[in-house]
Structures are given as structure tokens and as C-alpha cells.
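I am attaching a structure below and will ask some questions about it afterwards.
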Amino acid sequence: MSGRRKGAETDAATDAPPSRWAWLGRLWRLSTGRFGLIVVIIVVATAIVARFWTPFDPQQVDISSRWLPPGWPHVLGTDAAGRDILSLLMAGARTTILVAVGAGIVATIIGIALASLGALTARWVRESVAVFVDILIAFPVLIIAMMISAVWGGSLWVVIWAVGIGFGVNIARVTRPELRRVLHSDFVVAGRASGLTPAQNLMRHLLPNVAPVFIVQLSWGMAVAVLAEAGLSYLGFGAPVTEPSWGLLLAELQQFITVHPLSVVWPGLAITLTVLGLNLLGDGLREATDPTLTHARGAGRVARTHVPEVVA
Amino acid sequence: MSEFLVRARGLTRRYPTPETRLFGPRVYTTGLEDADLDVRAGSAVGIIGESGSGKSTLVRLLLALDAPTEGTVEFDGRPVDASARARSLHWLRRRTGIVFQDPYSSLDPRMSVGRIVGEPLWALGIEGDRRARVREVLEDVGLEAAMANRFPHEFSGGQRQRIALARAIVHRPELLVGDEPLSALDVTVRAQILELLGELRARDGLTMLLVSHDIGVVQSLCDEVVVMKDGRIVEEGPTEKVLLQPQVSYTRRLLASIPVIDPGTV
Amino acid sequence: SAGSSPTPSATAAPDPNASVAIRLVLEPENLDIRQTAGAALDQILVDNIYEGLVARTPEQEIVPSLASDWSVSPDGLTYTFTLREGVLFHDGQALTPQDVVWSLTTRKATPEWRDSARLANVTAITAEGQDITLTLAEPDSSLLWNLTGRAGLVFKEGDTVDYNTAANGTGPFRLDSWRQGASITFARNDEYWGDQAQVAEVVFDYIPDNQAALNAALAGEVDVVTGYDANLKDQIEANGDFALVLGRSTDKGTLAFNQQPGSPLADKRVRQAIRQAINHDTFVEALASGETQYGPIPSLDPGYEDLADVAPFDPDAARALLEDAGAEDLELTLKIPNFYSTTIPQILVSNLNDVGITLEVDSVDFSTWLNDVYINKDYDLSFVLHTEARDFENWANPDYYFTYDNAEVQELFAESLAATDEDEAAELLAEAARIVSEDAAADWLYNGASVVAVGTNITGMPSINVNERLDLSELAKSNG
Amino acid sequence: MIRYTLTRLALLLLGLLVASVLIFLSLRVLPGDVAQLIAGVNSSPGQVEAIRERLGLDQPLPAQYVDWIGGVFRGDLGSSLLTGTAVADELAQKAQVTVPLGIMSLTIAVVFSVPLGVLSAMRRGRADGTALSVGAQTLAAVPVVWAGMMLVVVFAVWLGWLPAQGFPRAGWQDPWAAFRALLLPALTIGIVEGAMLMRFVRSATLQAVGQDHVRTGAAKGLTRNAALIRHGLPDVGLSVITVLGLQVAGIIVGAVIIEQLFTLPGIGRMLVADVSARDLPKVQGELLVLTGFVLIIGFVVDLVHRLIDPREREAA
Amino acid sequence: MSLEVQDLTIEIRGRRVVDGVGFAVPDGARVGLIGESGSGKSLTALAILGLLPDGATATGSIRWNGRELIGLPDRELAELRGDEIGIVFQEPRTALNPIRTVGRQIAESIRIHEKASRRDAAARAVAEASRVALPDPERIVSRYPHQLSGGQRQRVAIAMALACRPRLLIADEPTTALDVTIQAEILDLLLSLVRDDGMSLVFITHDLAVLSQIATHGVVLEDGRVVEDAPVSQLLTAPSSPVTQGLLRDATATLWRPGGAPAGGAA
């Protein structure tokens, strides 16, 4: 496109002010993003519905109708105590969301705090925080969970805090260098030359620019929380044993996998789909909210998938 | 207003090098060494010199975007302290504007052009119809006002440079500092921008400090030239004098290598 | 013996060189049976490695062991045992009467040793030739029983063995090796004073997970599975290699009520309401084994009596009681160690919910349970499976975590101990047990069964009360 | 380089020291103690107190810490309160299961994820490439417990090819049996971690595809795929090394669950058991070694980065 | 040895960015491609070697010695690349592999095409480095790209392209990153190669002064189309298309005049 004639650069298609919600449309147009969004919406909707209605009371034990195969009225069958698996799954969605969102919030706060401390402060504070983060990385999430659970008893909070802390540290570890990189980029200096204070610079330039890495990390963290809930419940450090939770259900039903293999499929499927949905939603969000990835232009601008560097 | 808008004395900037270790002695490279510079109000000063000679460093120090290791800077008679809080430098920001060397990396990729250009107005709390002013300045630099809704990556290199220029002048500064503001433009656009800068000088009495490796540009725009090499100012003076009767051998070599359109060589 | 696996011996003869792998659930933390608590130790070490003067059969009968014979004076104050001769410890040293005296005396004098209090009543322990004499301050109907347990175990005086990880006893098996976190191996003691064990080696494989145990059985990795889930009966019997045996046990699934003043459970009506809200049959059905139990004493123990009439399942009555007590919308917390089946709290939550009690379940590790419930008595409801036989004493101990304090019960229990006649002692216990049950001092959710899956080529595997004792002296395996 | 190594080493030691304090303090928060566990449910407070004294649990905390860390400096990790065995010996014993398990899992993860990740990136936009990437995404979302159970049902119960659980008593003296015992668990961790790794390799490769110096390689006469492999993969390799370093922590976590599921006598299961038993000297010794291990891996990863990537060698 | 491009059209995701471009480079010719930014110069160059970015497709005809290159399998194209046709990319900063020494990178095409031993190739690399006037060639070959200045990197890229003595060199703005002094040296080098070895040259630039020194023939692109194709002397003195006229007019406005007064602007 040339600047030959003044005012000759109209590009009608892009000149309408971009809608605030345009990214949603872009997200929807990505097949992975659409899948992730649908899955997450379904899980959230299920959790809300389960708050008011489930086919059966998920805690209602009915020994005489235990281990019913899928059928009517127990659509997905019943478990060892005769509880309705569908109702348990529906009610478990709430637990899952609680854990995912809770861990997400904790991880966000810890991650941002540690990353900011590790990137924006005086040199010695910065370096000490970096070393500290490295040490915390070496603490497996599970050990944190076991310790917390031993102190306060097994509960969802254990999972939330453990995964939140564990993943917060990971987020800090990944976000910090990103923040440092952005900090040194010219547009931050340009912001300073325009008169921005450090805080304004942080809000306007730094945080939005580390957001892609952050979103992917966060969605991954939430997915890990769902998986960790399953793993911790299996080890007996997770949700209270009578709470409806997919992880617990999986742990409980897997004891009978050779007898009632079908029943184990449901919680396993629910977890896998949710985790997949969260991961894809994260990838999709990163892509959809990044203006540089939308109508790609210019050489070498292949959509770059940033995969988080941390796997817990 | 004093005669000199900018006065720098003994400016020195040393950078710690990577060889510096946690417990070792610090090792420094010199970015700028003992530079004195005066910029008369209303004048246009060009800075030329080879790559790495300290041109950008000098510019950053003058605008308090970096603190000098030694030396002082005064703007309009008032000392500039780069380590002061951002708000206490607002007076300086209000009166200066800068175009960075690499236009693309100086534009936040996640912000629309409108927000980028309007940022100084917002940050300095300048009242008035900001949106109208942004539109106006975009048109001044030869862009469509409607482009305010697009993002930097949607523009060509030349357009980006014009966006950066628009941001530098949106708040009507007295001093415009350009770090190679024309390098990415193709010849056509370059001519246009030169015209605009000339207009701003004539109309608003804008003072200019231009870093460039295109000596043709300096020749056509500036009344004074500073030549730099290895972090030092080796020669300075009125444009005509420096470019036509260079005193220093380095300047002479520089001038001799500039290609010219010469259909005869073919 | 009668308590052993009913499957008749397979066609082939027992293989004296056989190695039998037995799946157990709970691994001991260390092997020091003198000091360390836990049924996991009694289960494998007593009878097999260590022996006392007397022993008990699976049917809870008291029989001779290191003592070939014994007599009790008519006043019940003097017990005389005749020690066998020619008994050797595993390390080759001979068992002397002095070892017995030393073992019992040290036990009595060392509070750190388990069950030392059970010998408190003994005033003198002496030996004369092969005769060992115990003199009591007052009659004690439980003494012989106590001597079949840890209190009566005989060690070598001055032994230097590291009891934490090694053992030196007189039993039919020697401790061969302990791979922590995996298995303990016993080898036959060829120098045994009695009938030689019929297998060369027994391996206890500690597999906590039921499904893993089933898989191990199906893959032929273990010969016997104890602590099995009876719900999986069909699976393990499917290919004909195993038969599931349900034996009785003294496992009491005890739902303790914290009835200290200030607790909502201090009100007997609330406790009674909880008992009546619980449908005990569902536990038996859910576990596919065991039987209901409505009082503190299981059917294997003396003093048992069917107390079903005390707390019949009746949610309406329960609701009425709660209303009466002004305890509607009660919220309670159940502390339960995390290794028990989740079905138990699930049923409790459901049952109590039906009468308007909200039950929170706090699943904790055993150390935390010990700290919170056992020591600090900081709980509303607690569930633990008490496996020990004849442990009524806890209901007569107001300091125990049951927090049950009833002078009448304490007196009856003391009388039963002092009774010289077994039947009389049992009667007194039964009377006390009824009071405990009527006071709703706790609820007994079920009397567990020993669920053992035994390979069809295995004989002589005990099936009664295997969580507490596993006497393997008659275990045999044929190559069939 | 030597200077960097030394500085980095000092940092590592400092990290270990801080970690030791953290571990020590966090463990003291746990309620309950080993003395009570030994004494059991029919004990008096006096008995418990006596045991506590015997085990040295009555000493003040700083004294206990100094005692412990002093031992560590002398190479003594302490010993178990319950069995009296040296923590180092126990760890060495259990490491015979966990270390091979970790190595096998990592090997499986790397062996299947790197080629498949590269392949799925090279075949991007085509059906097979998409299928590979969707497959990886899905596998990475499967709970480890579930994956393990499914593998057991198929390979141990239905097909009977591999043992369902446990580790042979003879240990590595019977290498074949030991190897077979670890195969299913390693496969479980390897597949799930490998799927995550594959996802990562794929995107790193995609990034390499767009890099100019890969195109330069092609301009010199390599085919475009050869150029990607020669010039793009080293970069991918670097980032994979970083991820692998971090994944070690993930594998340790995976090992805790998997050892439980397959009843393997390894470090993970021991750790869970020891925390439950409040055998704190043992737990803190084990945690220190695990943490130290992860820190050392981080150290090695940094060094490898420096060795391979000349830019790192000079950058601050 | 000649290159003929006919009716070359390149589409990226449905957008036609090069539209029917055609020109010829006879043996030993020096052709300059000029045109403003985004007019399709670089893509045309990439298409010749089959190195278009993902998602770009080329149609039309590109003949090298009569052999059709479009549609040729990558394996056969690879044999031409670096051997008969060399290319210098626009971005010297990213075109070099950051984790290989520059010596190895220069030697790579020699190893590929001439199957030279590692040692021979290394020795050749030193020679090539000194040919592009890199200072201290023996030492500089063992450095890594980031240890070189922008100008030095650009010269390494040129040395890589010239290592196998290609018959045709495509150079995409190879001197924009350079000081004017070094730029002059490079231009001299290229000219001497054409003169002495009979190499042909396709030189992409937007600097008319540089064009006038390096090329005999000029092809002017706008929006993916050829708007003028003429000898450089004619192009610079009597341009026929308005595009070229505009370019020339604007260029002279800021041209360095060693003797004269400033040409444009308002002083």
C-alpha cells in the first residue's frame, strides 16, 4: 500500500471502529476456540442447573438399586451406594468449576505478584525473588497439597491452594522474562516519553502485552487443577469424600473397573473433555485477542503458537 | 525563553557490559563520552555518524529517558533530572516529542493507532477534544483519520513511521527529536514528510533535532550539523560549512562514500 | 482346624517347598511389636514369629503354646504354666524359663511397651524348673486371654536384635526380609518345636488398592487375598482359581459420639436419634459382607447379645427425638481416617440428611485423626474400625476418646474382670453392654467380616478375624 | 563459562539452604506426631511422652534444625524415627524403582513425542497432521489414574502380557521381570507427559518453520524439510530441554500417583507413607533430596543452554 | 545461463500480491528490481527459488536455462539453490543461524554441493570471508552471528550466497543495513564478480542512486505489476511511466549534492 496520494489509503473493510466484543467473534471462528468455548459453557451451565435441579439428589444413597447399568430413570446408571451417576456428574461440575476458578484466581494473584516483584523491582529484590521462585518450582504441587491437607484436612481448598500456589509459581516463572522483555521494548520507553507514570505504563502496556502468555498459562493452570483434583482425590487428599466430585467419582468407580467398566467412562470422559476444552479455549483466546494474529499481513507472520513452558 | 532550548554539558553514558559478574569488578562500554551540545530555539540540528557512534544515546539523555553517568542537561534554562518521578517531568514531556529509531517496536502492538497517538494527550492530561486532535494530526502526517481504529501491524513501515511522528507532535511540542525518523520511508513518502516538517518549522517555530544517516535529508532540512564517532562529537557547525568543507578526516570519508544518481556510470 | 478354609484340599499333595503370597492391606510402620501399636503387627507376627505361653484359636479358644499345660488355683489368684523343653529361638538360642519371667516382668514394668497395663494385676512372676507361676492381686477373668496377646509374648532376655526391622522369636516362621512399601517375607523355621510349617515361604504383599489386588490375583501374582471387597466376588471367582470365604471377625465399625458437655451430642436423645436414623442393613449390603451390630460387643466375644431392639431403624422416631431435643437443623462433622471405603460416609450423609442433620465429612490421615480425635477429643462424630477382640474396657474408661462416662458400666466391667467363672463374667459384660447401647454411647454401624479370597490350591488358610491374627502354621499349597 | 558455573553453583547451594528451612518449617506445622502413632489408640499420655523423649522430639525446633542440617553437611541425611534405618539407604533402595521408572517414562515421552510433534508440525494443515495434534491434545487431557487403569485392564488383565502391579522381590537381580514390572507404569506417565511434550514440540517446530535462518538453509541447497531439521530443530531442542527440565517435577508428581496405583515400592509411595506416619526426619530428608534433584536439573539445563547457545554465553 | 520470468502471479490466502510479472536476465546481465515498499519485489525473488512462505502459491513460468522451475519438486530445486542460483535475503539480522559459527554457515553450501570435506570447506569459508572484505577472516569465521555488527552480518550473508560461485545472484536490498562506506565496498565487489566471473545479477533496491551504480537494466514494480522495464540510463533520464517519474522526482528532492545547495525542504 502506498502513501502516494494524501488520503488515498482508505480500506473500508477495517475502518469501522472495532467492536469491544470482536474477539468473541474471532474466537468463535477458530474451530479449536469454538470447541473450547462450547465445552466450558456446557460445564458452567451444567453447574448452574445442578445448583437447582438434578434428576436425583446426588447424595441420596439407595443400596437396593446399586450398580444399575445405564437406563431409565438412571440415565448413566448408579454407583456402589446406589447414587445416580448423572446427578453426581452434574453436581460435580460445580466442584470442578470451583476448583478451576479458585485455583485460577489464586494462581493469577500469586503469579502476577511474583512476576511483578521479580521483574519490576530493584535488582537485588528481583534476583532474590527469581531464586525463590526457582526453589518453589522444585516443590511438587502434590507435596504442597499433602501438607496442606494434613493440616486442615482434605477439602477442595486444599486442591485450590495447592494448584494455585504451584501454578502461580509457574506462571511467575514464565511471565517474568516476558515482562522483562516487554519492559525493555521501545514502546514502553515511548510511553515514558509521552509522560506515563510507571503504574500507568504497567496497566496500559506491560500487562496487556504479557497477557497472551498469561492467558495460555492460566487456562493450562485451570486444566491442571481439574486433573490435580482427580489425582489428589485418588490419593485421598482432595475433596471431602461425600462431596460430588468427578475426581472422587473416578477414584471410587475405578475400584470396580473390571466389574462395571462402563461406569468409569463417564467421569473420565467429563474430566478429559473439560481439560481439553480449557486448553483449547486458552489457545483460542490467545489467538483471538492478539490483534497481530488476526488479519495476518507481512512476511513471516505465521501464527505463532506459544505453548507454556511449564508442565506440572 | 532563553536563547538555547537545550544545553548539555559533559554528557557521558557508560553501559555495564555482560562480562560484569555478580562478584567481579564492573566492566563498562562507552555509549557517549563528554559531549557538549547547544540547540538554539527554532533551529534544526542534524546528527550524523556511523552506526554505534552514540547518536541514540545522546538523544535519550537529552530527553531524560536515561540518566547520564556524568554531565548535565538543561531544557530552557531548567535542569533536567532523569531520575525524578514521572509526574515531576511532565513539564518537559509537554514541551518535547520524540520519534524512535525503530518505529514498529515503539508502537504497542495491542493498541489501536488512535490510542497510541492520543497517549501523550491522555498521559499529560491535556484537555480538549482529544479524538479530534488525533484525527487532525493523523491527517497532517498523511494518514486517513479513519485509520485510528487499526493496529500497527496493519501498516507498512513508512506508515508506521508516520504514526510515530504523529504521536510525537500531537501535543504540539516545542522541540521535536527524531531518531532517524525517515529511514524506513520510501522516497515518495519521505518527500512528503520533509515537507510537513518544514511546514511545522515555519508555522509553529518548532525546534528540531534529527538523527539521520541520510545526509541528503540533513542537508535539506538542518541548519546545523553534529558529526559523531565512537561516542564523541568530532565536528559541529553550520550545515553548509561542515558538509562542504569538512575539517575532520572522518567526515570527509563519510561524505565521499555517499552514492549519487549517476546514469553515466552505467 | 475348623476356622480354616473350607475348600477341601485339592487332589495333589501339599508342596513342602511352596511359597505362598498373601495380599494384606495395611503395612506396619516398623516391626517392634513390643512398643509399636497397630493390628498390622499382631496380624503377622503373633503366632507366626513370636509366641506366648498360651495362644488362641480362630474361634477365640485359649490353647497351649509355649506352655504345654497350665492350671489355675480355685481362688483364681495363681496361674501355673508348664514350659515346653527344647524350644529354640530363631537365632539358635534356647528358650529358658528365665526368658519368660524376664519378658513378662519387663512388660509389666515398662509403660512404653504395649499392653503393660494388662499385667498390672500380676504381683509376682516366678519360675521353678519348667514351671512358671503368676500370682495375682485379685482374680482376673481376662488374664489368660491377655496372655494370648502382646502382653504374653516371650522374647530372649538380653537379645540385641534390632526389633524395628528384625525379629527373633520361637514361632514356626522366621522373618526373612522386609522390603518396605512392598512386602514382608517369612521363611519356615526348620527348628520349630511343634509341627513344621507346610510351606517353605510366606510372602505378605501389601497392596492397599482393591482393584490392584484383584488384578494381582487374576494375574497369578498372589495366592490369597485378605481384606477383599466382597462386592468383587464374581470377578475373583470367575476363572475358578479362587474361592471367596467370609469369616466372622471382631471388627467393629464404630461411630463415636463426642458427648462431652457443650456438644450437641451430650444430649442422649440426639445420639439415639442418630442411631435410629441410620439404616444398618445398608452397610452390610453395601459391603456385601458382615452383619449388623447394635451394641459394643461383637458376636465372637463373650458377653454378646443381640441388641437390635435398642435402636431400630426408624427415621420418624429419629426426627421426633430431634425435635424433642430442640436440635433441628443440626450440623455435624464426621472425622474419618482416609483409608476407609467412601461408601460408609456416603450412607451416613444420606441417612442423616433424611432426618434433617447436615453431615460434613472430614477425611483425614490417621496421624491427624489420632491427634484431633484420639488425643484432643476434638470432633463431633468419628468413625474407626476397631478390630481388637474383647476390648470392652474402653467403654469403662471415661478418659478414652469415646468420652463415655457411666459409673454403673465401669462397676459392672470391674466385676466381670474379677469374676472367676467365665459365664458369669460374660453375663456381667452383657449387662454392661446393654447399658452402653441404651445410652447410645456410640453407634456400631456393622460387625465386619473377614473377607478372604483363597486360591483353590491353598489349604489351612485362617478365615476368622484375619485382620487381627493370621496363624499360618497349617497353611499349605499344592501344585494343582 | 567457569565463572558462570561457579556463580550458578553458589546460587544452587543457596537455593538448597533456603529450601531446607522451608521444608523443615512447613513440616512442623503438621498436626499429630510419630510418638502418638507408635503408641496407638490404647495408650496413655505418659507413654507417648516417654516415646517422644526417646526420639528426641522434645528438643526445641532450632536445635532440631541445626542438628539436621549439620548432619546433612556431613553427608548424613538422618534416619527414620520408626525403623531407625538411614534415610540415605532408604532413598537408595527406593530409587531403584523410581529412577528407572522416571528414566523409562522420560524416554518413552521423548521418543514418541519429539518425532510425532515435528511430524505433525511438518504436516500441518493436512489431515494426518491435524489428527496427530488433536490426538496429542486429547491424550494430554486424560487423568493419569484413568490412563493407568485402562492400560492395566488391557495389557495385564485382558491380554496378560505384563504384570498388573508390584515389583519383583528380586529387584534388578531379575532384570527382565523388573523391566516388565515398570513398563506399564512408565507407559502411563510417558504417554500423558509425552502428549504434553508433543504439543510443545509441535508449536516450537511451527515457530522454527517460520524462521528466516531456516529459509537460508534451504537457499543453500537443502530441501525445505532438511533445512528445518538441520537449522530449525536445534532451537526446538533447546526449548524441549527447558521443558524437560521442568517436566521432571511433573514426573515426580506422576510417580507418586502411579506408584500408588501400581503398588510400586518407590520414593513417591514412601513419601506419602512417611507423611502419614509423621516420620518427619525421613520426610524432610526425602523432600530435600527431591528438591535438590529438581534444582540440580535446573542447573544442568542452564549449563546445557549455555553450552549449546552461544548467545546465552554472553547475555547477562 | 539465463533466467526468464513470464506472467508470474503469486497469491497469498486468496490475495494476489504479484500479478503477471515478467522480465528476463540474460547471461552476465545486471538487472535491478525497484519499486516502493510492498510492491512485490521480495516475493518475486523468493518465487524463483521456490522459497515462498507458507500459504503462498506461484503460477506462471520461471525458466532457468530453459528449464521450468515452477512445479519442480523441492528436491530438484534444492540442487539449484546455492549452487547455480544464490540469494541474499533482505533481513541480515534473522537470516543467519544464531547457534552456528559463521564459518560453518558459509561452508555449508560448499559441503552440500561440492561434497567437500569438513576441513576443505572450512578453509574455503575463510577465503570466501576475505573476498567480501570481512576483517580478520581467520578469526571471524569462528564467531557467532550475534558477535558481529550489522554490516559484518550482511557481508557474511553475501559470502554464503557466493560460496559456490553461482551463475546468478539474487540480492534483496543487501546494503540497506550498511554504512555508506561499507555499502560502497560491497557494490564494488558485486560489480567485479559480474565483470570477472560472468555472473548475472538481480538486485533489489529502492535507492535509485544505488540502482544507477549497480544495474544496467531496471524493472519497476508497482502493486505487483511491472510498470516499466528499460535500461537504467533511460530509466533515470527519460522515465516513461508516471510511477518511475514520481520515484525519480521524490528521490532527487533529498539527494545528497556534494556541491550544491539543499534541494528541497524549507530551511
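A, B, C, D and E label the chains in the order they appear, each numbered from 1.
Here, a residue touches a chain if its C-beta (ideal position, glycine included) is under 8 Å from a C-beta of that chain, and two chains touch if they have at least 3 such contacts.
Being a predicted model, the structure only gives us computed values, none of them experimental.
> Moving step by step between touching chains, how few steps can get you from chain B to chain E?
1
> Tell me which chain's centre, taken as the mean of its C-alpha atoms, is farthest from chain B.
Chain C.
> Quick check: more C-beta contact pairs in C-D or D-E?
Greater number of contacting C-beta pairs: C-D.
> If you average the CA atoms of chain B and of chain C, how many Å lie between those two points?
Chain centroid spacing, chain B to chain C, equals 88 Å.
> As a quick test, compute the distance in whole Å between the mean CA positions of chain A and chain C.
Centres of chain A and chain C (C-alpha means) sit 48 Å apart.
> Would you kindly tell me how far, in whole Å, the mean C-alpha position of chain D lies from that of chain A?
23
> Chain A: which residues touch two or more other chains?
In chain A, residues 1-2, 4, 150, 254, 257-258, 300, 302 touch at least two other chains, as defined above.
> Touching two or more other chains, which residues of chain D qualify?
30-31, 149, 157, 209-210, 212, 260-261, 275, 314
> Chain B: which residues touch two or more other chains?
Within chain B, the residues that touch at least two other chains are 156, 158, 186, 188.
> So in the complex, which bits of chain A are touching chain D?
Against chain D, the touching part of chain A is residues 131-132, 134-135, 137-143, 146-147, 150-151, 170, 223, 227, 230-231, 234-235, 247, 250-251, 254, 257-258, 261, 264, 268, 271-276, 279-280, 300, 302, 304-307, 309-312.
> In their complex, what parts of chain A are in touch with chain C?
Residues 59-61, 63-64, 66, 80-81, 83, 149-150, 153-155, 236-237, 240-243, 248, 252, 254-259.
> Where on chain C is chain A touching in the complex?
209-211, 214-215, 229, 231-232, 234-235, 281-282, 285-286, 336, 338-339, 342-343, 345-347, 349-351, 353, 359-365, 367-368
> Taking the touch rule as given, give the residues of chain E at its contact with chain B in the complex, in rising order.
Chain E reaches chain B through residues 36-38, 149-151, 179-181, 183-184, 187, 206-210, 212-213, 215-216, 231-233, 236-237, 246-247, 249-259, 262-267.
> Along chain D, where are the residues that touch chain C in the complex?
Counting only chain D, the residues touching chain C are 30-34, 36-47, 50-51, 54, 82-85, 90, 93-94, 149, 152, 156-157, 160, 163-167, 169, 260-266, 269-270, 273, 275-279.
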